[in-house]
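Going by the order they are written in, the chains are A, B, C and D; count residues from 1 in each one.
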Amino acid sequence: MADKKLLAARKISEHNTPQDCWIVVDNQVWDITDFLEEHPGGPSILLKYAGCDATKAYSEVHATSVLTANLPPEKHMGVLDESTIDEEWTKQPPTENSQVVLDNEKPPLHTLINSHDFESVASKTASKKTWAFYSSAATDLLTRDANKSCFDRIWFRPRVLRNVRSVDTKTKFLGVDSSLPLFVSPAAMAKLIHPDGECAIARACGNKGIIQGISNNSSYTMEELRNTAPSTNFFFQLYVNRDREKSAALLRQCSANPNVKAIFVTVDAAWPGKREADERVTADESLSVPMAPPKVKNDKKGGGLGRVMAGFIDPGLTWDDLAWVRQHTHLPICLKGVMCADDAMLAMEAGLDGILLSNHGGRNLDTSPPSIITLLELQKRCPEIFDNMEIYVDSGIRRGTDILKAICLGATAVGMGRSMLFATNYGQEGVEHLIDIMKDELETAMRNNGITTLEEAGPHLVHTADVDHLVPESRQHPYARKVARGRRALHLPKL
Amino acid sequence: MADKKLLAARKISEHNTPQDCWIVVDNQVWDITDFLEEHPGGPSILLKYAGCDATKAYSEVHATSVLTANLPPEKHMGVLDESTIDEEWTKQPPTENSQVVLDNEKPPLHTLINSHDFESVASKTASKKTWAFYSSAATDLLTRDANKSCFDRIWFRPRVLRNVRSVDTKTKFLGVDSSLPLFVSPAAMAKLIHPDGECAIARACGNKGIIQGISNNSSYTMEELRNTAPSTNFFFQLYVNRDREKSAALLRQCSANPNVKAIFVTVDAAWPGKREADERVTADESLSVPMAPPKVKNDKKGGGLGRVMAGFIDPGLTWDDLAWVRQHTHLPICLKGVMCADDAMLAMEAGLDGILLSNHGGRNLDTSPPSIITLLELQKRCPEIFDNMEIYVDSGIRRGTDILKAICLGATAVGMGRSMLFATNYGQEGVEHLIDIMKDELETAMRNNGITTLEEAGPHLVHTADVDHLVPESRQHPYARKVARGRRALHLPKL
Amino acid sequence: MADKKLLAARKISEHNTPQDCWIVVDNQVWDITDFLEEHPGGPSILLKYAGCDATKAYSEVHATSVLTANLPPEKHMGVLDESTIDEEWTKQPPTENSQVVLDNEKPPLHTLINSHDFESVASKTASKKTWAFYSSAATDLLTRDANKSCFDRIWFRPRVLRNVRSVDTKTKFLGVDSSLPLFVSPAAMAKLIHPDGECAIARACGNKGIIQGISNNSSYTMEELRNTAPSTNFFFQLYVNRDREKSAALLRQCSANPNVKAIFVTVDAAWPGKREADERVTADESLSVPMAPPKVKNDKKGGGLGRVMAGFIDPGLTWDDLAWVRQHTHLPICLKGVMCADDAMLAMEAGLDGILLSNHGGRNLDTSPPSIITLLELQKRCPEIFDNMEIYVDSGIRRGTDILKAICLGATAVGMGRSMLFATNYGQEGVEHLIDIMKDELETAMRNNGITTLEEAGPHLVHTADVDHLVPESRQHPYARKVARGRRALHLPKL
Amino acid sequence: MADKKLLAARKISEHNTPQDCWIVVDNQVWDITDFLEEHPGGPSILLKYAGCDATKAYSEVHATSVLTANLPPEKHMGVLDESTIDEEWTKQPPTENSQVVLDNEKPPLHTLINSHDFESVASKTASKKTWAFYSSAATDLLTRDANKSCFDRIWFRPRVLRNVRSVDTKTKFLGVDSSLPLFVSPAAMAKLIHPDGECAIARACGNKGIIQGISNNSSYTMEELRNTAPSTNFFFQLYVNRDREKSAALLRQCSANPNVKAIFVTVDAAWPGKREADERVTADESLSVPMAPPKVKNDKKGGGLGRVMAGFIDPGLTWDDLAWVRQHTHLPICLKGVMCADDAMLAMEAGLDGILLSNHGGRNLDTSPPSIITLLELQKRCPEIFDNMEIYVDSGIRRGTDILKAICLGATAVGMGRSMLFATNYGQEGVEHLIDIMKDELETAMRNNGITTLEEAGPHLVHTADVDHLVPESRQHPYARKVARGRRALHLPKL
């Protein structure tokens, strides 16, 4: 290389763009423009030294020989003329200086890389009351924790050497296309964490092509959501009101809204659960409400947001009321909150369109079974149900691997509630970012299991022996059977 | 709304009561008096802004449209005359300022919302010796911890769409009515934590309609308790004295006291357990007792309250002595402290009226079986016993869900001991508050399982597979069988 | 009581001994001398107020009525003459002031109430090297921890209403009487923690009537131990030397010492285990030994005390060598360190007198099975062995309940090693205190299980289902079977 | 001894070498030169007092009698002349003063005594980015942790009284001799932690006689490695490039390199896993790369080293491509990354030479099965495979006991990846030290299990019941079976 021409430092510095990129290693000048995209370590680390001396950084990772071995001779542009080195040249490129983020500030969105991050940020930046309301669960939090840990105790049986170049997460449920087997579980009062509330979620769902479940206690009306996100598909989560006429009006509204694709009747919250974190915050606040009427003051059951908001819900709702629901809507009807196979079978016999296995995120009855366990119970006790209804699962989904496990075990799609609320902390962009993350995690999980479409997912890809003993056998109660018979007699019209 | 009249700030402020409540949002004035009770978020948050500008708080939760959509036009009273805004008006209502409670002070009673809270407060505010005596358990605390964790490992199988508007926790046991399947387990020396001691508990039980078990080591006599709480039903927990005549006298006293409904003969404390926290406190104290007789000074077994109090108890008590008990009382006789099915069957054969499955709160023999496991052992090995005797359970009950699980598995009623002592920290009101909490938790658990009466509770509602391996199979010891035969020959009269 | 005579404060103060004890409650003076021993709360708390005013302390625990109800009228000695109250009288008795013990000082012996306490004190007061040598175990400490936790996972099935007034822990093994089914496991170099070393243990064992195992690496010779404790029974733990003649000499010495009752040939330390805490301490020290020969300097295996001390042990020891041992002693021969049923059966076939199930306290091979699991393996695979040999167990015994569990499952006696070394921290008195504690714990466990002699202990009193899956089934290796056949051919004489 | 001559302190001090070593105890002077090597406590502690007064240190451990009893009278050289004692004499030898090592400094290599130590030191002394890249694993780290804990839950069944004087860890695999059943698992970019990178590993492997796996992403080329370590055997880990010709060139290079013994085709990284620690570090850095092209800037999947380095890997690789691999090399072909028995059987049917059970150290798919569980799956579902192929295992090996367990369960050899990288922190010497440690641990484990060659290792020495439920049963998927049939039809030539 001795016969190569000498190059001035200032001249070299000009070749500092992705389209024209030179670097210097051991005084030799190389044009690496064509090599940028091939670099196993990615282009950005190379571009950091574009037009600069990269000797130090290079030798930390590579032997000297690698460069010569990998680049054709014509890319050797010359030798650095050391006499031209000036102060500017010897200045190193900016070093890694991670931004300092205070504990009560939201870090930049792109530094959040999983659903746990969104939860962690919300715990530090949402108001005390909002955090308590969103994060709390029933009493000793056993179901909340088991929701996640039961997913963790299911193991994959990955297959190798399958062509997984292209992967497709698309599916169809509730009669509409979805880019993912994922929907936003309905959750109340998203406005507490961001002024855009459910509107932000709606626009994100529209952009990303997934369905949003709208809570009866949404901060925004269904019309507002439709206006802000005209291409988003919704389902409506109904809490049946003690005053039936109010619910009937809602059902008619839903039916008139072309974006609403189904009604999910909530059945896992017959009575408001005892969410103690929530109740503690509000209990403190009530100290400073001198005008509260005696009735509230004496309420020893606490006054958490969850409990007071549930005041209008009818705990008298029964299977018979589903016929009444049917009268007020032509939309598919699903149950949200089935927790055992017996009720799943009743729902199938009643001709419903789908069931969402859910324990309300562990928020209502502590030691109610984790949803993924209920899904296994269906596999064990009534596998025929998967041919008759769509089966959804929520409660405990935090990872793409969780989604894939549920799909393998027969779920049509899964919902995420709390995590989506925590993502709303960053508005629409936050929710889109979380959906992107979930999609990437799901694709990665599919590929590393050796599949490329959801149709290939099946029980053969998972091993559930570590949780199988938690799955109940059939142990029908006479009373339950009587209800079942009554139900069949009802002839609730097949939708 | 432009034609609505202008309203002066001072005028608006006068509508600040539950009976006449206006609020201002975006300068529009609304009369929300009729809407207070309907508000999904409860009335108190609205009343906080009665007669004030609620714009900021409102928009944190609701979209602008919600108000107009939910209130009839005639409730729109006018528009705030901005020229009338003064300093008084712009003052915000008092913000949330939670009371500061020092670590060694009792926080206000209403901020305690579960049984754990009472324990936590007692740990910080009771005297070192009292806390040690109440909270301690045998040696490595394995049974104490398993008592609770075994409940936690039993899962519900909740049913949905049952009418659970009205729920009824009433039951009857020991021949008397009880508002709950719950009694106060007998526990010694309640006066240590509050001057009213067992009197406070007695009055609370009377008011709340549950039965109180009186310890042989009560701070107050049975007569005093009856005097302070004439409507309370009691049972008496007998420790049989080495000097039988003293116990006979007690039995006669009980029989003469019309409030006493049964005798529970203690059998799970044949010998005082080694409660090390208790012994450590007293061991320290004994250092400063220069006059203690040599015998005590040299006692290397420690001198915890539990151990010294047990000095009079006869470790020679046998099945034969039950006939002697029978001679001194006409009351039903139960055993307190059965820990295996073999002894439960002996009790049934001996014609006793009931048994309390108990390991003395884990205070006597470490790694004795959790009571809920013993209950399962009865289900497995002698289900017929449930038709012949009342079966009570204590040790480890902390939640309404625990109560319901025990009832589902065949218990007639359950007892709480330590928690009730910790509640006595707040006197009668504290015990009443804890009973209310337990009732609310039980009702919530029943409703969210889809039942409204205790009769509907049964094994079909729980899944015990995670603890089933801890339940012993039959493995009769020849010696035990011999005792059993002896017992049958005794012809102890059926009560 | 108005007619009772007035008594001067100074007069009352004189009745302040256990033989003559007055107290004042609400100004009434009572003679409680005869009641001292009857007091459920023990005499010492009363004696604290002997000759004093006890009103405050009394009313913290008792209702006013209790005193009058429990004492005969003639014990009412009169009324305090309030005019005689002086400064001396109003002074309260000394309050609880626990002694301050610095963290690196040994607290008073009587404040140590269990074996864990001795370990905790040793960890703070022994030298760094001593603590490392005694406490360390092989690599990741899995066996050390499982030794204890497997005991904790075995549950009792306690029986009630048995006469447990007198309890007897006496037994006989190795042909000699023992006050307990407990011996001191041989452990090396007790002098590290106390100058009296094994002599302290020997005298304590003599006084308390239990057998001491002497380590081959004892700080004192067998003769010295016999001299200091002429009534103590020993067994000798032999590490067979690479130089057989040295071991033969030791065996002859043992046989000539009338206090030595048996030889335990060590077989669970064929090769020194990797005890990392031990090796770290010594590794540090070696830094300051500039003269160490090259061989030591280059030894990358570390130089913990355990490893260097093992230098003379012959890893070539086989079943054939037992015949050689037999030639040099008439004493019973046992194996120390059997870890599976296959070797236990070989030992039985070889005609040995006993085996000590031991994994060397988890010090040699990590994930070798906990001894209590090996005991269960014998129950499962060769129950006949219990009729043919004495079976001892050590490794993990910390509680009286642990002793009882091992006895219930067939052990003849159990050994404690580390705990006894930690007790030696306090010399002879410390070891005696620990033996007393173990005896008290064992008696308490027996009584609360409803038994009074060790003969009554049996498998019916324990439930092992939580560890049963850890017990291997028969899975004989061909090679093992060949060895067994070879052994039978040897005709090793039955002792 | 009174007639022995008096010796001057200064004279005694001269005997202070291993070849001539005197010590003084209680003023008596002994020549212990010949005893140094016999000392149960090792020679170094004695040499510390060579030529000095050892009275204090001696009496801490030994009784006075021991010295006289163990040394022949002629080694008693005389009595210290106390009149000759001077200041020099009374100075004690240097005390233990462990070197102070700052937290971010590497402690001396010989103080690292196990693989965990190397990890711990690397966590403190490697750059943030290097640590993140090496230590990170997929998402919630469940597989990474289970890799280790599953080994910990397998118990040995050690045999005693076997002659274990000589132990031999030698074996042969991939057709070459190895001093251990251990190889270095291929891992990328060893230069990040030490300038010598893979060269250091290569030289260490050569010296210690084990095989090194070379990563496709090695910092040095295969030629460089061969040059620096001409006697080392390698295998090459191939990531098949999207551009097949590049891989073909590599395969030809491998085939031409006589030190390369086999090709391992990577199949457990079809798609780069989500290693969050890795991605967090790089995500931060990318903030300071203003010139990065839009494509990189918008990449919400993060840009960890692992992910960017994987850019060239072909996710479209299938079983068919193995025939293509065959065309470009005559070397044995193995699969690296088989995770279930179904694929193992396909590999056997395809005529491959071996499979490496691996989940990429838990780095790619979280909740993929621990490798040791996959090994058990082979035992259960296709034991015949062990007669047909060599089976290697990596992921989770940290101890010699782990190696032995894998060998007992049928593995031919095991690999260590991360630990070897962490050892490279100390260059060649570090890797040699770690290999020595693993060899010592393996030998110790073999001996304490009673075996001396790897041939004796077998399933009879381990008990796996605590993890057996994690091993899947056969549950063939139709699709998998179709692939298998297709494979048989291919007639991939048997190597």
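Operating definition for what follows: contacts are C-beta pairs under 8 Å (C-beta built on N, C-alpha and C of every residue); 3 or more make two chains touch, one makes a residue touch a chain.
Labels paired with UniProt names: A, B, C, D = L-lactate dehydrogenase (cytochrome).
Since the structure is predicted, the reported quantities are computational estimates derived from the model, not experimental observations.
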| item | value |
| --- | --- |
| Smallest count of steps, each to a touching chain, taking chain A to chain C | 2 |
| When chain A is superposed on chain D by its C-alpha atoms, the rotation angle in degrees, nearest 5 | 90 |
| Reference chain B; chain at largest CA-centroid distance | D |
| Classification of the chain C:chain D interface as same or different, half of numbers criterion | different |
| Distance between chain centroids, defined by C-alpha means - chain A, chain B (Å) | 39 |
| Touching two or more other chains - residue numbers and ranges from chain A | none |
| Residue ranges of chain D touching chain C (in the complex, touch as defined) | 16-18, 38, 40-44, 47-48, 50, 59-63, 65-66, 69, 94-99, 110-111, 113-114, 152, 154-165, 399, 401, 433, 436-437, 440-441, 443-445, 447-450, 456, 458-461, 463, 465-466 |
| Residues on chain C engaged by chain D in the complex (per definition of touch) | 139-140, 142, 189, 191-192, 195, 197, 217, 219-221, 224, 267-274, 276, 279-280, 283-289, 291-293, 296, 300-303, 305, 308-309, 311-312, 314-319, 321-322, 335, 337-340, 342-343, 346, 364-369, 469-472, 475-477, 479-480 |
